[in-house]
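In this document, chain identifiers A, B, C and D correspond to the written order of the chains, with residue numbering beginning at 1 in each.
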């Protein structure tokens, strides 16, 4: 029994990670429709982190960027460590019970944004020289021309452009998991850490 | 009353799917849209509810043209029940799901809750009011989608394969809802593969996939072997039984 | 051979199956009719050993294959014994194969079978399910009916001894339905097949035995006719379309013939014969 | 999915090479790019694009290369050459300044990205995803790994369609996609919740199906028609791995 159940559980998480990756990629489509200033590219990662823990979350993040690299833009693969940190930190926060109430979730979103900044800044500076060829470069240019160092310019830009997105994504996941029916969540071990005390 | 005048439509880079299609669904009338897969049944629905824009012609509700308006504005006139209710269920409770539509009209709270309980009562879901929509059975979820549309009290209803996969009890519930809506003067259009269901419930048929789609009364349609073959539709059981007897 | 003994299962809030017992012998063609929400899918999942991992709660009873529960078999053994084909074919495509042919080979590859064996099985099932012309297509681009046949083919490639199909017809249009039925009619004779359905029409003439699942309990009323014409069955499932239509005509004409569950018509030929007799009488 | 992917079918020797060899080659180029000086980086990028032309995938590779690298290259030269304050800033015209060390740095960073981009595009455009997965399975990597690469690629179109159907269904219920930012945020919930719940339902059902078909019942799987491999390619892979290890050691110790 135990041997079967174990593999079985893993396959369930594996199937979950696969659809979560797709959601990370497809989520932006709604953004095009609604024209909101956010990315919506890590909802799947955070969802997996809350349902199945930091390791599963980290795997979702890495593979999302690898697959975007494989089919759209190879550069995305360079940011796989950033996606990994999002999943890992979200999973650790969930494990610590920081997805229980709305305010905890907001703080979790801010913490996730801060953590990803720590990883994204060295990648952006060391590999990309601080720019990416996107609109965010104007902010980096602005901050450095008003006297900020390169590191702080990039850090401000990354954190500033991510904090709203991560707080919102965390809130969406929180709102979803607290109202999910039993038959969709059975078997996800980590969920108990995010269930509000009744 | 729903009117379609000289509708023309083609998907990009493809030949015309509709060319001058006209049809009228008076108040208290049920029109069945039939035809094989790919004949354009779903496309027609999307042209009616505004998800697609016709290239020619227009769609009128109560004599006023709705073509060219925003989808969310057309939603105040035409209600659509899609094939898979899972594509719209977002709420954590059945009642919240049904309340969404009426809430868009800015009604006061007591009117909304009155409409919600009425719609749930008519769909036999009143005792499920506090459950999670995804904890319902497949048939109950279909009726939840129907209730969400009923609660909006719109003059035109579109139903896409609403009868599919239902057992006798639920089919009869659906038929009595259709009958009540017809008596209330609604214009109803349904896409339906089940010809027995069409024969029992529809007034006229619009058969797609043939040369010129025409709106034909139900008995005339099922007696016209030529049209039936053209759109490859099976005859309903009563007609086939009569055929066996001769 | 599969045996269900007094199975009680459900979710935390409610019981879905309340004491189901059933025995299926090799090569039997079984239909289980049940209304919407009667527990057909739950029963199908238990028969196939899907739910031992924890999605449902087992309160009593169980399900045995050759005397042992599914948990006593390895996953390889289970895969080669029982296969379940679900209601929504798109959900039952593995999501691991880029073509129809790869999808069919997926199961046998997982079992580590020899190379030639897999190729033989793949080609045979492609033919048996009329999928040869689609062998190179992406599974997710197929129509619903084609996907249904692909799921059946992928199950067959594992050479199961028991096939369970959960409402295989309800999401198909009439054309796809007759395709699927022809595939089912050609299944190997030594495979036991169980079909769950809400509608008696599609399984009539196919099933050897007919069961009814109602409010979490299963019953078989002697023979197929007795089952079909049982009052509770008529109330939930309804009569077969021909019988229903016959009764409507017959009621109108007021024929003198004495009709009971033993001679009510089930086919067009039977119904037409009775009606002709009553006309000439 | 297959329409949007970068892969272009072909018969060149690069197409026929084992995907594991190609990916080892790609990793070697990436590691090496951190050791090469700017001129070499640009020259090697050009060579890789020429190899693409020789393999019959040049058109698609060069087009994507330009599309992806041009904005970045421009940004990096403008930013380091003219904006980021440096000690050797020289005036050009009015407020416009430039820095030579900045331009050199831009050339280094830009060249490295150019090389990594060109070689990744060459790899992806000559390697069919299905072949890559068969190579991984044949090399007895865990079946779960190839599943995580394959499944999202295969499900992408289906979910894109589903996202569209959800937005259609909600708009015909009266959901407005314009209006104040606050209303659009609320609309987001109505769009995302059905997508997420249907994804969870899919995952649950699919995990049953995979298990029932024996997926991961054994630690390996048979692969019918595995991609061709040769002793030379195996030797090449090992040599490249040793070379990469040496490069990494050099970079750390330097």
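As a convention for this text, a contact is a pair of C-beta atoms (placed from the backbone, for glycine too) under 8 Å apart; a residue touches a chain by one contact, two chains touch by 3 or more.
Each chain and its UniProt protein: B, C = ABC transporter ATP-binding protein; D = Energy-coupling factor transporter transmembrane protein EcfT.
Computed from a predicted model, the values in this text were never measured in an experiment.
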A-D compared against B-C, more contacting pairs: A-D
Most distant chain from subunit B, judged by the mean position of its C-alpha atoms: D
Intercentroid distance (Cα basis), subunit D paired with subunit A, Å: 19
Subunit B-subunit C separation of Cα centroids, rounded to whole Å: 30
Averaged-CA centre spacing for the pair subunit D and subunit C, given as whole angstrom: 44
Contacts with 2+ other chains: residues of subunit B: 134
Subunit A residues counted as touching two or more neighbouring chains: 7-8, 12, 15, 18, 180, 182-184, 187
Multi-chain contact residues (two or more partners), subunit C: 55, 74-75, 95
Chain contact topology (line, ring, star, complete or other): complete
For the subunit C and subunit A complex, residues of the former touching the latter: 11-13, 52-56, 71, 74-75, 95
Complex contacts: residues of subunit B adjacent to subunit A: 92, 132, 134-135
Complex contacts: residues of subunit C adjacent to subunit D: 45, 48-50, 55, 74-76, 78-80, 82-84, 86, 88, 90-99, 102, 105-115, 118-119, 122, 138-141, 154-155, 158
Subunit A - residues contacting subunit C, complex: 1, 4-5, 7-9, 12, 15, 18, 182-183, 186-187
In the complex with subunit D, residue positions of subunit B that touch it: 46, 49-51, 70-72, 74-76, 78-80, 82, 84, 86-90, 100-101, 104-105, 134, 148-149, 152
